[in-house]
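Chain IDs A, B, C, D and E follow the sequence of writing; residue 1 opens each chain.
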Amino acid sequence: MEIIITGILLGGAYALIAVGLTIQYGVARIMNLATGETLVASCFCTFWMFNSLKINPILGIFLIAPAAFILNWAIYSLLLLPLVRRAKNKAMLEVDSILATFGILFLLEGLMLVGFGGEYFSYSFLSTSYTIAGTAYGLNRIVAFLAAVLITGTLYVFLTHTRYGTSVRAVAVDPAAAGLVAINVDRVSAFAFALGGVVTAAGGTLLSTFYTFNASMGVVFTMKALIIVIMGGVGDVRGAVIAALILGIAETATATLIDPGLTIAATYFLFILILLFRPQGLFGRQTT
Amino acid sequence: MLRIENMSVAYGHHRALDNVSMKVDSGEIVVVLGANGAGKSTLLKAIGGMIPAGNGFKASINGLQIQNKKPHTIVEAGIALVPEGRGVFGELSVGENLKLGANPKRARKHENKNLKTVFDLFPVLARRKNQLVRTMSGGEQQMVAIGRAIMSQPDIMMFDEPSLGLSPLLTTEVFKVLTLLKKTGVGILLVEQNARQSLAIADRGYLLENGHIGQSGLARDLIEDEAVRKAYLGG
Amino acid sequence: MRVSNLCKAMSIGLISVMIGFSSVQAQDVIKVGMSAAKTGPLSGGTAVTQWPNLKLWEHTVNAKGGIKVGDKRMPVKIFEYDDRSHPTDAVKNIQRMINKDKVDFVVAPYGTGINLAVAPILAKYGYPHIAVSSITDKGDEFTKRWPNMFLTLGTSTGFAESVADVLKKMRDQGKIGNKVAVVNVADAFGIELAHVGKPALEKAGFEIVYETSYPLGTQDLAPVINGAKNAKPDAFVAFSYPPDTFALTEQAKISNLEVKAFYVGVATCFPAFEKRFGSAAQGIFGAGGINPDTPEMKAYFKSHLEVTGVAADYWASATTYASLQVLEQAIERAGTIDHPQVIKTIKNGTFDTVMGKITFDGNINRKFWTMGQWQDGVFYGVASTGLDGEKEPIIKTGWK
Amino acid sequence: MSKPVVLKVNSATKRFGGLLAVNNLDFEVTEHEVLGLIGPNGSGKTTVMNLISGALKLSSGEIRLEEKIVSDLPAYKISQLGISRTFQLVKILPTLSVIDNVISGGVFGYHRMWGENAEETALHLLKKVGLAALAFKPTEQLTYIDQKRLELARALAGNPKLLLLDEWLAGLNPTELQIGIELIHSLRAEGRTIILVEHVMDAIRSLCDRCVVMSSGVKIADGEVAETLKNPEVIRAYLGDSDA
Amino acid sequence: MIKITKDEIRILLYMVVAVAILACLPLLDQGYILSLGLTIVMYVALCTAWVLFSGPTHYISLATAAFFGLGTYVVGIGIDVLPFPILLIIAALIGGVVSGLVGIATLRLSGVYFVIFTLGMAELIRQIVTWIQTNFTTGIGLYVLTDFSEAHIYWMLLALTVLIFITGWLINRSRLGFAMRIIGNDETVAAHVGIDSAKAKVLLFLISGAYIAVIGAILAPRFAYIEPPSAFNPMISFLVVIMSLMGGTRTLWAPLIGVVPFTLLFDMVSARFPNHSSILLGIAFLLIVYLIPDGLIGRIEGITKRFSKKKERTHE
């Protein structure tokens, strides 16, 4: 029971890390290696607002989200769209987007280093315990989990029950055909990229309430996000959430029942297992 | 209504289309015949804005210039393409596919009316509204593709080999739908390998040979033409 | 023969192009280079303990007009490089500083591994190498191999045994019980300490009721803390690294881990730790320490904050600064920047630093702080290998 | 049938999701025979070619090459056992020269060659298909018919037991068509065993010994060409309802 | 195809001369330039080994760090027991076996799945090594204290690089290389001309992995102190990919063209702007992506092509 609750809470955090990327990669077709930096940048913003302006992180989301949207829209339209247009095929775009987002990764990391230096940051917010079934859990983690549920839930409803959301999914399924139903593929892609950025930034804000972070840590989050995205099936919000939960529970179970030294190994082991037996991810579609 | 002048498309060194000019009026079916690789699909894709055509060509619908426009603008202008291989969203349901068809602004206020038209034409789609398209048979997917195009309230519809992969019975069915559509006043540009059946329902035809238009005329004249018979109608 | 001459000629041409015309001028500054992590996993620690102190030292020395070499004062000029937490880059940077920037002295990089990676190069060029941020038990072996190398921060054994000693003392005083939970980060420092610490604790008569390790960078440590909690220990010991030091403490607070002694490793002494946990930090033990009450130390903390804009930590910051003072004083005493003489001076001298008097015995500073504790918002050294000013440890009373 | 059977297709069935592309198909090809496989668009001809060459796996049934079951082997093994093919949409290897394209067909396949021997064979084949002059040129200069010739030469390089030509004549203009038909005639004269998927009726009539007619994945006729094409069911299926 | 052409002999001669000149480097400078040279040779070796596999297959492998780290660890564990050359051979064997296994496991994957899989594999190996060391040995770090100077390491790497080039050249001339070119063009055709593309890919991955392991082994003495974070540094994998892509992956030489300017640029930027190096590198990166889409080799080929066309025209 304890394992499952701890695991689910952890999975919520992972979902926040990964859902943004799955949208960006699934719809806008950009494997955004800078996703971790986006997340850490949001951690820093939240930290700064909390410390200097005394803004509650939860409220902070509402300030950070629009900023993240604009910034990511700009990144997509200015830096990535030329690559999408230039790419003759999927493989070329993949290579180009890996290189370009790697550049963005450096750029963001450099900006954060200049702004905040290399040291570790953390602050205390809702760091009190909340007891479920006799065991104490961090309230900040619970809040983050609930926010994750809310964010991914809203996202899911938006994607499946609105016209614009359906267009977003249409672009993910087949960008060429999307043009045939008067979808402005460039704009929807930019929107999806920006939306993914918003989710990632919101994740950063929530994670900053219980993680210790520094400017060089983005890559850790990027790796986790990539694993979850691939496990869940590219572009599938549902898949990403379930993969995140599985991972959370698996890590907690490994740490509790086997050896905490093997948690990360367990992650990769699970990941590799899934790739071997279901290469398209849990919910991915088989492409032949 | 749809007017194409001097359209050329090249893939590297290979000239897929060479100075093609043609027109399609409303309420008529125009068929483009040609062998594999003659450039038929390229023609439709170029009109639809999915591949860039060379400089110097003009395309217009109802007087509105559409050359070098993006696909979504061209759909908004009133041209719907039913591409080869259908181009439906396999991961979405029938209903979602049709709803997306009504995505152009010009089509939104006609959504309910068009949906009724589609369901009248293809009752099976009404029954399978919530089914994922990729789980359907080829014929049903073709219906979704055509239905989706109808939803966009087009003035001109372009069909790229709609009979491909369909049984004779279904092919006949599809061609029947085309004649019904024609009667609603839509102009139809049809690309086909099945020369006999397509000429039978068409008003006019163009023959595409190695990227340029070899012959054109009324469909009933083309059927009688000796060279056409030899090349496309199996003697 | 001719071929090699040709090679030589060509390469010389190449080198002169690459180096450019390095002008020969009378020396009036002392060039000091430092290559350490600005990015990568080690940058977090480096940013706290290394870079600000280099800045502070440069500021202090140059405010005085420079280091007194013979009869003239020579200001220091700093060259900074980022090793991206990677030994290969560190070696390259040091090569560059020595050969291209022609620095007179090199400040040691951050991290045990990186210090060992650059040691052969520094030894080859005969530069004094005061390796601050490297904690190892093989110190004697290294300093024998590289006689220009000095170690200041201490040995793994020293740190680990102190933990056992302090806990033993508290147990013998009846303050805590006999059960200990020991966890460690699976990284150089954590493992070495755990390997010395566990036997030491057992030898001291403690019962280890829970032990485990976790990978570097883990921030979700609920299973570890809960595992420890279920074993109902009287004391909790974690040989941890910066992010997990924070995460363990946070989790312990949330799970309300009821122990009388709570020890976490590196970064406990960071000001950010106290800032984050506030009064909950009260009574928490950590690696390292200082005696913050000496006038030198008070002055140091004040100027650190003034000059660098950030607060010094309560351990390696001061040690790092002290190592720079050692270098400064050695140069002044030797009256030259000649390396062998400076090295000789360091070997044999006693230096007045913010940490008090420092001497090297076989190139190793054998008197160092091993353990500290947060008491009323200050991190006091509670154990050392023979230093003055050890504060009496207190028991941890809750997480409020 | 006195001539040895080269290929035997036994109740071959292929499903794509819910679609039955090939349904319980049986036929065989004997040595030195040229078999035409015809049927309307989408009747499953190309699928059959893909099943024989190993590009697709059978859902059920089996295919035998000279008694050996090949339908459970990967494509490369089938190629090594002596089945070569051309593709409906020409597949040229663009970064290889013309001659290397041809050599590629003979290095790993049924009849292996390498080095000078390979080059000689390739040149010989290029001469045969009429591309000798372009042997050392890059492929980007090739016209459509030349690409088709090149692909044929590549398929021949392995000196296969069975040659599959998938709409090899499609897309050629009348003059080119004549050249193409002659080329296949010469192969026939060599005594090669060929399966030919075609739309061009003239070609089927003049080239094939026998033909198999498919419609909607089912074989509806099998036999001597002229006779089969007169079969009313074939006429109805192939030429469409409107002509029936 | 088997014949050695005049061109090849000429290139061989150039190569001999170039290597001879490069081998002289340590005689002239034992300091910074040698150090920089060593870094360049290391990355040239790594990138060339990487391109052996990734060039023809277009698979982007991020497992470089795994094989590199394994090689490093072989030396770390065995340096006090076995002579160095034997350790290099063991490193090659272990690297080969592991990469062969990884290769077999990843046959079904392509594109980004392969990329992430290899990254995951590298991390998994790193975690397992860490865990084993944590639980079954006394310390996580291993000391590799040898008498090798930078010059020795430089020469070994140079020799190895030559070996990798020769291997690559031999592969290109062999059936395997020819098969890879066909696979790179069109995998369907490859299967239908009888190529077992799975076997060919695994074989190449194995060769590539073995070489990378040896490079790691050679560099172990330079690290002196080996621990998982530095031996299995994922940055190595990333840098190798980036430098190779920058140079272009179509020929064996291409990475060389990427590594040299990149290393110099990296070095220059980090020396001049230690606090802003990330920002500048980021910008440099983006510029490279936009301005040199084909990799530098593509650019150079474009220029030479235009040049030779002009020549042709004047001949006509």
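Criterion: a contact is a pair of C-beta atoms (placed from the backbone, for glycine too) under 8 Å apart; a residue touches a chain by one contact, two chains touch by 3 or more.
Please read these numbers as outputs of a predicted model, since none were measured by experiment.
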{"item": "Partner chains shared by chain C and chain E (touch criterion as defined above)", "value": "A"}
{"item": "Required steps from chain C to chain D (each step between touching chains, minimum)", "value": "2"}
{"item": "Chain at maximum distance from chain A, centres defined as averaged CA atoms", "value": "D"}
{"item": "Selected interface, D-E versus A-E, where C-beta contact pairs are more numerous", "value": "A-E"}
{"item": "Maximum centroid distance from chain E, chain identifier (CA atoms)", "value": "B"}
{"item": "For chain B paired with chain E, centre-to-centre distance based on mean C-alpha positions, whole Å", "value": "51"}
{"item": "Rounded Å distance, chain A centre to chain B centre (Cα mean)", "value": "41"}
{"item": "Centre-to-centre distance between chain D and chain B (centres being mean Cα positions), rounded to whole Å", "value": "31"}
{"item": "Inter-centroid spacing, chain C versus chain A (mean Cα positions, whole Å)", "value": "35"}
{"item": "Overlap residues in chain C, where contacts from two or more other chains coincide", "value": "38-41, 85, 186, 213, 215"}
{"item": "Residue numbers of chain A (touch at least two other chains)", "value": "109, 113, 259, 261, 264-265"}
{"item": "In chain E, residues with contacts to at least two other chains", "value": "127, 130-131, 134-135, 275, 277-278"}
{"item": "Contact set on chain A toward chain C in their complex", "value": "2-3, 6, 9-10, 13, 109, 113, 117-124, 127-129, 135-139, 210-217, 220, 251-252, 255-256, 259-261, 263-265"}
{"item": "Residues of chain C that touch chain E when the two form their complex", "value": "3-4, 7-8, 10-12, 15, 18, 38-41, 80-82, 84-89, 91-93, 95-96, 98-100, 112-113, 116-117, 119-121, 124, 138, 145, 184, 186-188, 190-192, 195, 213, 215-216"}
{"item": "Complex contacts: residues of chain A adjacent to chain E", "value": "25, 31, 79, 82-83, 86, 90-91, 94-96, 98-100, 102-111, 113-114, 219, 223, 226-227, 230, 234, 259, 261-262, 264-265, 268-269, 271-272, 275-276, 279"}
{"item": "Contacting residues of chain E [partner chain A, same complex]", "value": "58, 60, 105, 108-109, 111-113, 115-117, 119-121, 123-124, 127-128, 130-131, 134-135, 234, 238, 241-242, 245, 275-286, 288-290, 293"}
{"item": "Residues of chain B that touch chain A when the two form their complex", "value": "48-50, 70-73, 75-76, 80-81, 83, 87-92, 96, 99-101, 103-105, 107, 134, 148-149, 152"}
